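Both of the next two complexes hold subunit A, though its partner changes from subunit B to subunit C.
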Partner chain A sequence: MDRFRFVLYRPLQLLPVLLGISIITFVLIRSIPGDPARLLLGTKSTPEAIARIRAQFGLDEPLWVQYLYFLKNLFNGEMGTSILYRIDVVRLIGERIGPTLSLVLGSVILAIAIAVPLATAAARNRGSLIDHTIRIISTAGLGFPAFWLGIMLIILFSVKFDMFPVSGYGDGFADRLHHMVLPCLTVALALSAVLTRNLRASMIAELSSDHATAARARGLPEGMVFWRHVLPNSLVPTINLLAVNIGWLIGGTVVVETVFSLPGMGQLLVRGIFTRDYMVVQGVAMAFACAAVLINFLADILTAAADPRVKI
Partner chain B sequence: MSAPLLDIRDLSIEAHKDGERLGIVERVSFSVATGEILGLVGESGSGKTVTCRALMRLLPTRSLRISGGKIEFAGRNLVTASEAEMRHIRGARIGMIFQNPASHLDPVMRIGRQIGESLVLHLQMSPREAKAQTIELLRQVGIPDPQRRADDFPHQFSGGMRQRAMIALALACSPELLIADEPTTALDVTVQAQILRLLVELRDKRGLSIILITHDLGVVAQTCDSVAVMYAGRICEKGPKRDVLAEPLHPYTSRLIACQPSASAEAGLLPSIPGQPPSPSAWPSGCRFHPRCERAIGLCRSSAPELVTVRSNHVAACHVTAPARLADEAA
Partner chain C sequence: MKAGSISLAMPVRLPVPLILGLCIIGGAVILALFAPFIAPYDPILQDTTNTLKPPSRAHPFGTDNFGRDVFSRVIWGTRVDLQMGLIGVLFPFIIGNTIGAISGYVGGIVDTIFMRIVDIVLAFPFLVLMLAIIAILGPGIGSFYIAMALVGWVSYARLIRAQTLVLKHSDFVTAARSLGFSHGRIMFRHIVPNALVASIVFSMSDVVLVILSGAAVSYLGLGVQPPTAEWGIMIAEGQNFITTAWWITTFPGLAIVALAFGFSMMADGLGELLGVRE
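And then the complex of A and B:
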């Protein structure tokens, strides 16, 4: 019953958040100096041409009228038409969502695949050479900016060894997978540094917890104590950390998509900002906001599934 | 008489921290016969829990270690036993009930599965057999509706039910020895009485030996056969329950008895032993109880008394009362 209500009501809480985001992005993008029509027409711009474009996209209306139009469109599931691409923003996002989604999903899976074994090795051999090495590497990993790491990976694996493509999205499943390896690795390395440190700390706490001692007192060998009791308990706080970081990671895709020339939403956003393509910027920002809220919603469900004490 | 099931001789445990060593438990000896309930009493910090953890070889290895002595269990010395050997003893031949059942149950695993874990491990049961046996065990310790309750998580149990589940867990593989570390401290009086009755019943039915750790001499009077009193990491008196409670020798034991609520009910308030129990980093010289002892003499400050047998099986470590009693008995 509780769960049912949660699943029902939680999306409703999304509404005020989205309303706030819509106002903020609407105001922010319009407060950057520069006129989309003038930027679009460039040197060929004449006052008449500019006026025509402004009228076409409703930019000559007062700001509050423009905002109401934007809201009205949103309720109809529309986000206006891109000034630059001259197509529907929803369709545009639909075309660009693939690379971003694969980037986020791929990075998260890869980051977990890196963090769990590393944290396990460090926590179970606490104070040993392995532990210190892993700690140093993960601390260093926190310090590297994503774009720098990406460029280094390109230099190493693409330029030097010619193992992976330098940039682009590729065609067909296998080719795309091949193209996604380096971008995902770039994001995953940064993310796994945070995850490893956090997971190691909670594993160490769980290893000396009372219930682990009780499991040993039952005669369970150390390995079983770890996999059955320590790991499941230490994953609980990590789920939330992951959710927080995915929010940050969505922002990070902007940089990584630019470094690897991936035709995703991050890239779309950057180009939209440079050309003052208001509709595109608003649309992508709304989509990112929805994604962030959705991910937190999923994390809450996952946490409740992993920890029966959590009431949702 | 045959050899006791458990015989601890001169067990010492030290803490090591930053290269410094502290004696936490010193030359503790006691034994438990088959079917015997031994009460281990003493103030907080006297080393009861640490002694019992050592017995299971479950001391936190980063901070504590056994520095001497023997733990003979069914003819084996557990101090030198291999880790693999210990795994076959823990849970299978020695069960343990912990001081705080709430934290000693895995919060994210169903109660039934936690109990089933040892059944599968030690008795090689199939998961289905283990499930059936788990429900039977929960029924035996008095959990109502065990079929359904086995699927509950620990937080869905009340404190008393958690302690019962803990007992079911500890007894799952029919161990010969049960260590119960303050099994009733966190519970209200009626539940406390039920749990203690359950333990006595198990002893009567199965011939289980029990080490019952407690603060409460009332509990000892109700349930135990013999008592060992610990003070500041040492045993100061031990013997048959009747002898120790009726004719305590060590001034500390006398004070403990005087501090029991029932004895002081008329006085209207609970007397307590003046002063604080000492900590391992500042053990007093000589007899560790001397700073709080009314009967202390000069000798108590300088030399630690040895345990002296005053009557069959009743021993005490006191410079003042033990020789006096010996003289009485001789007269």
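And then the complex of A and C:
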């Protein structure tokens, strides 16, 4: 039970980070020149409404009091109204979370499906031509711009072979799946470059570890040693690697959603910047940051569950 | 690598990735410096009689929808993207290393405050925080540099702080202290030069990230503005013509891949040479 005590303890450590995130977004949005009440209301800014918002957010009070009001509104689930869409930002994010979530999940699954065989081939044939080729490809892969890769996939699979749609989200489950293949593949290819390099390194370390040698000494065939002992142990650091890279992954989805015109949170953010829809920018940035913190927290729990030696 | 394994009597064998990286980066620098002499056409000159032409002997990379020569634009783009990568790394490098070294050396409450700030900035997805800052400053290359500086310093601060914490208790620092040297002198003349090696190696792989971010921000229309020949913009402009003219998007992308590969190789080779593992 001892090692799970942090499940109760860790969330308390998250609090300062979450508070910090709210302070940064608050400061960012307050650095915009102009009246925040007008910004918050957008086109609905009648003098009475402005007066009401000024009272609600305490805009005549000192800055730190305003921050407390901001926090209070946040706890009540109020993040202002979008100027462009004229609905509550929280509701707007709720409507757009689907495509982003499926893009992240889909690309993580695909990336693992690509990286595990490649890393296995490289680690088990260390120093061979296969290993060098995979290393060069994954190093080059680190420098592939996701937006360009997406367009190249569109040219190949949509324009030349007409296998997948060029853009959009589709209707119904099967159609959506069909629409999500290329965007997921785009992010997955970029992600698998990072994964392959790290997975290969941890597999090589595991292959020469004592427990693998012990398994070989017991007469286990090499294949069994690999699948039963080496692979599960090398996957543990990979969970953490995925969590550490979640910020990068979210950045990737922002760009890829734009490439494929997917109606997700990333597209919402980019449109928000162009239309100066600051409440949307604030809301999406905060939602992304909180998601990243939460995922890192979950990864810590998963690592501890998978590896009894881990203590936090 | 063992200490002292590089001596003056022994010729240093440069790692292959380092040589490869240096060649690619050197080539890019030459293209950037001599773009006006190497590029066969004016990168922003429009030629409406010659639009969307596929690659040919006159136009090796074809022409775009304004009849501009894609080959010349890719060469001129080297200037912008290389500069974006280098300046985009310079400010985070200076700010991060200064803050990290001070934080690690001084310790105590200063260290705690700086490291909490680092944690919070790291909690934000990199590109999202950068886009939020650009949203407030307004689109443009200047905003990109400022956003980069505000977001990118944290990695360097973390890296050099860890090094400083180790070096702080090393014998040569104790010796310097017993000689009565000032804190400033110990920090910047004794600790920082030794701690900087890891930061320099990291900065090479950071250039890759910065170039990709800069191109992505420009692709989204929030960085370098048209009609400047920049690879990200060229890809964005070419996306409207993917069904008829694949060459407009393909070549600038390959240029990004090549330059990024050069810096990745440089980082790998430099790490190998200096015995730094990431």
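Here is the rule we go by: the second predicted complex is superposed on the first by the 253 of 312 C-alpha atoms of A that agree within 3 Å, B and C clash if a C-alpha of one lies under 4 Å from a C-alpha of the other, contacts with A are read in each partner's own complex, and residues count from 1 in each chain.
Note that in this section contacts are C-beta pairs under 8 Å (C-beta built on N, C-alpha and C of every residue); 3 or more make two chains touch, one makes a residue touch a chain.
Given the structure is predicted, the values throughout are model-derived calculations rather than measurements.
Asks: Label the relationship between subunit B and subunit C on subunit A in the superposed model as either fit or clash.
Replies: Verdict on subunit A: subunit B and subunit C fit.
Asks: Once chain A of both complexes is superposed, is A:S209 in touch with subunit B (first), subunit C (second), both, or neither?
Replies: After superposing on A, A:S209 lies in contact with subunit B but is clear of subunit C.
Asks: Mind working out whether A:R218 is in touch with subunit B, subunit C, both or neither, as first, second, both or neither?
Replies: A:R218 sits against subunit B, while subunit C stays out of touch.
Asks: Count the residues of subunit A touched by subunit B and by subunit C, then name the partner with the higher count.
Replies: C
Asks: Output check: A:V104 vs subunit B and subunit C. Expected answer is one of first, second, both, neither. What do you get?
Replies: neither
Asks: Considering only touches as defined above, state whether A:M180 meets subunit B (first), subunit C (second), both or neither.
Replies: After superposition on chain A, A:M180 lies in contact with neither partner.
Asks: Answer with first, second, both or neither: which of subunit B and subunit C does A:A119 touch in the superposed model?
Replies: neither
Asks: State whether A:L269 touches subunit B only (first), subunit C only (second), both chains, or neither.
Replies: After superposing on A, A:L269 lies in contact with subunit C but is clear of subunit B.
Asks: In the superposition on the shared chain, how near does any CA atom of subunit B get to one of subunit C? Answer in angstrom.
Replies: Between subunit B and subunit C, the shortest C-alpha distance works out to 15 Å.
Asks: Enumerate the residues of subunit A that count as touching subunit B in its complex and touching subunit C in the other.
Replies: On subunit A, the subunit B and subunit C contacts do not overlap at all.
Asks: Which residues of subunit C touch subunit A in their complex?
Replies: 116-117, 119-129, 131-136, 139, 208, 211-212, 215-216, 219-222, 232, 235-236, 238-239, 242-243, 246, 249-250, 252-253, 256-257, 259-261, 263-265, 268
Asks: If you look only at subunit B, which of its residues touch subunit A in the complex?
Replies: Residues 56, 58, 60, 87-92, 95-96, 98, 100, 103-109, 117-118, 121-122, 153, 155-156, 169.
Asks: Would you pull the subunit A residues touching subunit C in the complex into a rising list?
Replies: 16-17, 20-21, 23-25, 28-29, 31-32, 139-140, 142-149, 151-152, 154-155, 159, 246-252, 254-255, 258-259, 269-270, 272-274, 276, 278, 281-282, 284-285, 288-289, 292-293
Asks: Quick one: in the complex, what on subunit A touches subunit B?
Replies: Within the complex, subunit A touches subunit B at residues 208-211, 213-221, 224, 228-229, 232-233, 236, 306-309.
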